[in-house]
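A, B, C and D label the chains in the order they appear, each numbered from 1.
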Amino acid sequence: MLTTNPFEDEYGDKLREECGVFGVFNAESAAAIVALGLHALQHRGQEAAGVTSWDGAAFHTHRAMGHVAGNFDRDDIIRALPGRVACGHVRYSTTGETALRNVQPLFAELQSGGFAVAHNGNLSNAVKLRRDLVRRGSIFQSTSDTETIIHLVATSQYRTLIDRFIDALRQIEGAYSLICMTPEGMIACRDPLGIRPLVMGKLGDATIFASETVALDVCGAEFVREVEPGELITVSESGIRSVRPFGEVRARPCVFEHVYFSRPDSVSDGRSVYDVRKAIGAELARERPVEVDMVIPVPDSGVPAAIGYAQASGIPFELGIIRSHYVGRTFIQPADNIRHLGVKLKHNANSALIRGKRIVLIDDSIVRGTTSLKIVQMMRDAGATEVHMRIASPPTRHSCFYGVDTPERAKLLAARMTVEEMAAYINADSLAFVSVDGLYRALGEQGRDALKPSHCDACFTGDYPTPLTDHDDIAVPDQFALLDERVMA
Amino acid sequence: MLTTNPFEDEYGDKLREECGVFGVFNAESAAAIVALGLHALQHRGQEAAGVTSWDGAAFHTHRAMGHVAGNFDRDDIIRALPGRVACGHVRYSTTGETALRNVQPLFAELQSGGFAVAHNGNLSNAVKLRRDLVRRGSIFQSTSDTETIIHLVATSQYRTLIDRFIDALRQIEGAYSLICMTPEGMIACRDPLGIRPLVMGKLGDATIFASETVALDVCGAEFVREVEPGELITVSESGIRSVRPFGEVRARPCVFEHVYFSRPDSVSDGRSVYDVRKAIGAELARERPVEVDMVIPVPDSGVPAAIGYAQASGIPFELGIIRSHYVGRTFIQPADNIRHLGVKLKHNANSALIRGKRIVLIDDSIVRGTTSLKIVQMMRDAGATEVHMRIASPPTRHSCFYGVDTPERAKLLAARMTVEEMAAYINADSLAFVSVDGLYRALGEQGRDALKPSHCDACFTGDYPTPLTDHDDIAVPDQFALLDERVMA
Amino acid sequence: MLTTNPFEDEYGDKLREECGVFGVFNAESAAAIVALGLHALQHRGQEAAGVTSWDGAAFHTHRAMGHVAGNFDRDDIIRALPGRVACGHVRYSTTGETALRNVQPLFAELQSGGFAVAHNGNLSNAVKLRRDLVRRGSIFQSTSDTETIIHLVATSQYRTLIDRFIDALRQIEGAYSLICMTPEGMIACRDPLGIRPLVMGKLGDATIFASETVALDVCGAEFVREVEPGELITVSESGIRSVRPFGEVRARPCVFEHVYFSRPDSVSDGRSVYDVRKAIGAELARERPVEVDMVIPVPDSGVPAAIGYAQASGIPFELGIIRSHYVGRTFIQPADNIRHLGVKLKHNANSALIRGKRIVLIDDSIVRGTTSLKIVQMMRDAGATEVHMRIASPPTRHSCFYGVDTPERAKLLAARMTVEEMAAYINADSLAFVSVDGLYRALGEQGRDALKPSHCDACFTGDYPTPLTDHDDIAVPDQFALLDERVMA
Amino acid sequence: MLTTNPFEDEYGDKLREECGVFGVFNAESAAAIVALGLHALQHRGQEAAGVTSWDGAAFHTHRAMGHVAGNFDRDDIIRALPGRVACGHVRYSTTGETALRNVQPLFAELQSGGFAVAHNGNLSNAVKLRRDLVRRGSIFQSTSDTETIIHLVATSQYRTLIDRFIDALRQIEGAYSLICMTPEGMIACRDPLGIRPLVMGKLGDATIFASETVALDVCGAEFVREVEPGELITVSESGIRSVRPFGEVRARPCVFEHVYFSRPDSVSDGRSVYDVRKAIGAELARERPVEVDMVIPVPDSGVPAAIGYAQASGIPFELGIIRSHYVGRTFIQPADNIRHLGVKLKHNANSALIRGKRIVLIDDSIVRGTTSLKIVQMMRDAGATEVHMRIASPPTRHSCFYGVDTPERAKLLAARMTVEEMAAYINADSLAFVSVDGLYRALGEQGRDALKPSHCDACFTGDYPTPLTDHDDIAVPDQFALLDERVMA
């Protein structure tokens, strides 16, 4: 329940984290452990999955469209991935069409031997780099920005693989948490801003890297620490080494991991995601109170914030919307002539509860507004006398270029409308978002430090922490606008 | 969320409702509406589904193993089921191996024309009747008890189909909610005790029958009334008629529909299932209080009772167990040598929340006890200092013969152990069940009326409301035992 | 090569034998042997196959649409068919839509125990019998005429299974070679006219029944003898018994088995099919000589007759038409706008050979004439200066009701046209058929004995050997017409 | 019949041509025509197929394991391959594991735009070239030698695509018939020795290239001429141009195309393949006569030579071995305990014909000898009193490195044994091969010109026409040995 949020985006109305990565060094049946880890990270990418293993003599890769379960829990597939070292990847399509050859880990036979890469994030200068590489004779097999990294390694003038790899990292911009495999061992690294998460764990003698702590939990591993922004860790038979190829860095991890992407049972930046979400809900109850009979979560991602809101306000928490679990298997309405029916395949109002009541709905975010529109109407149809809505994040006004699937700006409701217009659009009696400062307070800070913000919050503020080489048409938001956002949110 | 419970029975540790039925008379694309209705009833049977339609000239049937989605939302399949009249069925295997020829609706060409039957329930004298029919030359194609009904109709000495059908009903014993189709129209009926549910709805000019009200909601239909115990309703172009072939009857609908089977957003016996479950939780808080820091539902079926328990006790409701939604696609652990890992594929403790806390877990029932055992241990591993458990139903001590998949008695934990032994077995600091009277109080009565109980509660009390012709080896529980149960529970 | 003819009917222009049956009593892995036998009989029915086995305690059945290979050579399927007794069936759709429930062996649980039936042939009074059975309460599950036999057995007033079976046989009319299984053993029988073939073989201690001798060859079994027309053979642990339930009978086996249905390596009625076909070709060379440069078979079924024609005439046998073997997997022309191309997917002219030559094409039969039309044109396009055609059977003028898929009469070219008109239609320089008497001469007789013909030749003569109860609209051909045919052919 | 030989290699006992290529420039639905062409070339490669099309704006590729039919005759697939230019490929695995990424056409985005390559043949220095390319940073995605060509083009220092392509050709050694596509048009070329075939045709305004003339026939195209050894032809909107990048060359096309690879209805080197095979049979009858009752072809590839043998010797041609067409779908014997049966799944003796007769079997070649061994035994079991064998090619003693799948030398029966030992091994009364000179006589020459042989016959003589850079362990046969072979064969 209220958790992994996988299928809930029935109206294409959520931002989507685009990848999860997982690696194991030095464990029996390493690929089987990777499969478990990827299964726990499935909410980070549901279109495809891949696993690469190294058995001391050869690399083995299997990639498949679809879920981890049904593919990587098959005996025959796991047996075809032998060895004590393995890494894997789940993905949405980021840059690149959804096709098997874009599914990661990507693999290449370099002169130094095999080289596999699993990448969570997105480069913001991949297009430019690719153009240069093709000019010099590199042949790309995928449309993935990750392949750029491999070609940079292959054509680097340095001699050792690790020097070539660092040479490549220094040329790329954007967000990347990488797990790589070579015949010598495993490399994990995180971009200098640490935009996408990466944690390190331990399972007996094995070292594990994963996008989230839940992936450690699922296989019974211990959390050791986060891979730090700008850190590169190598694991081989000769031990674990940490390198800082970028010198001093200023971390800006993605704040949306707290809002929606991470599972509530993960711990991110040292903080329980569930606690942060409850804290945002409580903050919202204080910033934007409303007099109603019950607090109703939009399932499932709104639940922790709703519990926080209910506890802070003293208004009862109730399940006013019941969600069919079967949405996992999308039910396609087969006949046009029944589309006019008020079909409620995935959510149904708990009418007996709602009728005659004033309610506040709690959701994590509004992207296009399509979900909110339908949910508010469903509540009214069920007999609610007042329907208020509170959102556990600031208005989403800017696209993300760091590995999150956001619609183009023109489709973001909050980029087109004021909050009042949004309230009218979704037909709510009132609508309010937590403020940017409120969000930072829920994270334990005083508010957003405008000069040195602790997180990447570009989707709310437009304050992008890297150059946008491939997107030079994106207007830099002026400082006034930024202040403005803070006031409005 | 907290709802349709489909996949949650990860340890084979729930009673399972075995069928859902749905029928539409006089609507365009009737089969498409049936598909929607069955999708909403998917929690009542997930192994197979079937739909039969009548287009005024011929009957069309499609049956498939697996879910409604993926089968009956395909355009080609719906187009092959034309007509304005259709009925459908979702099923677990009840009596009869899981094979396509047991999938309903069953259909036969009788002398009077085609005859289709969708059956929710189970006959308790089907074996005996079948033996007689075979002796007289009837050839059975399935192992389903439902086929018995059709042969009784085919070989009846009466002349009209409806007289033959009533003749058949008078010979059968047990639980049955039936939706039948003939070239003339649709027949819906419910056994004299009304053990299994059946409701009637209206969608424009169309008449609908369904196992639960949610199936009306999903297609935008209005609830009209329940089909009453012992009532037979015919719908044809000449109108709707109600017949009472059994005279006076005393209703005993299944109480477990309230406890677990029905969706919380259904209304059953005129009562909101969600409300009844919250009321059971509140009753439990009063009967079996405990001093703890938080109330934690066992997701998802324990949630409404947990909310009721939390509200009645004033103890905070928290999500201490996070469930992966991806369990829908069962992930099979592929390698033996990783089985020793404490794998948490489906449930994960919210450790940051639990650590150092005293908790009470709320679940709907205990069947074999395997789930409870694992959940309690998971909570202890996550650092809970005390783990108490409260169950929102009385101990399940007896098998059901009316269309519910119960393990043989010897495997029911409560049939083998006292509550204290069960607490020790699952390693809980305390364990308690709601009393039988408490359950009836949650339903709005004073307690169980031992002489005229309002529901079938045989799984708790052993008090079976019909003869068990095919199960004459089942001991009749003595009255003392029955009283005893009430005290112990 | 030139043999089993399976896929060659590219233009839907052959009569099709509709079934093959095979049974084994008392052999290890009986089902595996049945699979081999059915594979050898695949040319007799390619749409579906089924096998039933008896393991001393239970019957097991598997049925599948498609070929024997790919279904019944799978280990898991054969393992699920244990036991020392098994029978099987390959089929085209005869009476009854092509659906899994029409696939044989049919099976029923009778009072006496399980009863499985595999049937080659077709009943000519099944419709009437079925109507009576339904009136008395029998429920049919298939549209197959074979199910009629089973219901007659089930409802017979006799006491033992064998008496009930004979009771049933005495009520049915038409063509049937049956292999049945009961817990006691196997029953094989052939209708009083012996229209469809059935042979008996021996493999160590095992007894085998099969439609053709090639099915004995394929599993290394010895041919023992034919099951005789009107004979019923039982095989059980107590031995082999032969019964003649119909008294004296006059055999009329199907002559088309020699012309086309049987494999050339089979021996039918004590005669090598290959030899008979060569003899027909030789007869044709004598009856209908032509002055040409080469004899060219229409592959593959025309090959033996072409060799016979070439040897008798002294004209060289050459491969003027090359057939792609890949036609097994039908290649569907994907784009409408290339249909105008003279696409030659399945047959291609050996142009280098043909150019400037006079040729005679030899084919086994003409049904609709579509193949002949295309083949003649292909030869002309390849540069043949004269194209003559000789057919190794008399004109096919009448439908078959005994288990052969013939088009309705109106679509039989020879029923609509004289031979001269046919020659013009297919654009041949000359066309001729072997005479009816010539056909009988090739079988070693003097000619057709008009009073007591040795074979069923109704498709050529209209002289049906049984009443046509279900087809009483078929005109009885008058005797003059019959004589006429002889002259014309 | 006797033709395309696809499935006949039941005992893995044939040399296998490894590829077929087909290209169309300037036709509507070009991909559909390519599909037809590939279907006609299916005998040249049955494991995988691929098609690439160019629609004036983008390249589209579909590749699939398995046959052309079932993949490239599907409307959806053809629709996804739009455009007026397309090429395709059928393949066995040559160098490179059988995996989708080795399936051709290979495609790369070069700086000059897309570049697709379909390759029939095999390079003999690909390993060396690949090693150099990887050292310089090229990343290979397949194990196919064809990819080497693309990387040579991508990294060439020349400026235009055509110059880069010729630069690449000058570095490669071995056999290659290539069809390439660029946005400008199509390139077809053949290595300087013309080892593998390539012909050019015309269909209206469209230009076609294909491995064999049958592929022109199938789509109704006209044969124009062969692409000449060492010729490079470009086709674009500005017309057709021919270039000779290698200057003077001496052609050595593969002689085995006549013996077995090409379809009998193809014309190769200006000669009808069927005629050449008959001529080899006639040559064999003269060189190696035998007194027997009948000439029996080993189906299907032995048929033309058998007809030639029969006509030259006057001994009757008869079908003594009947082949089941169903072998296309391999029937796997499912149960170990029936393996001892003399199972004849694919070939069956026509025993009624053979019994008591002296026969000579005609086959095209002997590779491992397994087929011959079984066929001879089958004839003896069927009652033949003498079994002689004549082979329509010289003994196959050497591996091929030019795109033919030959077993390693040690497994070639003729590399291990004298002809007498082979006769004893296969248990024939006599065995003889056509002589090398006889083979050349059948091609219309006086015999083999030892100084300037007109064909590549390395598999018979060991006289390889190119350096074997990647196989420098292959002993150069001395001239004496070569002469020796001629005598022995």
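Here are some notes:
As a convention for this text, a contact is a pair of C-beta atoms (placed from the backbone, for glycine too) under 8 Å apart; a residue touches a chain by one contact, two chains touch by 3 or more.
Here is each chain with its UniProt name: A, B, C, D = Amidophosphoribosyltransferase.
Not measured: the values here are computed from a predicted model.
Listed by label, the chains that touch subunit A and also subunit D number zero.
Relative to subunit C, the chain whose mean Cα position lies farthest away is A. Once the centre of each chain is set as its mean CA position, subunit A and subunit B turn out to be 38 Å apart.
We define each chain's centre as the mean of its Cα atoms; on that basis subunit A and subunit C are separated by 64 Å.
Subunit C has its Cα centroid 52 Å from the Cα centroid of subunit B. For subunit A, no residue reaches two or more other chains under the stated contact definition.
Checking each pair of chains for touch leaves A-B, A-D, B-C, C-D. On the side of subunit D, the complex with subunit A involves touching residues 101, 108-111, 134-141, 150-151, 154-156.
Looking at the complex, you find that subunit B touches subunit A at residues 1-7, 28-29, 32-33, 35-36, 39-40, 42-43, 67-70, 72-75, 77-78, 203, 214, 217-220, 263-265, 267, 272, 274-275, 297, 299-300, 303-304, 307, 311, 316-319, 322-326, 328-335, 337-338, 341-345, 348-353.
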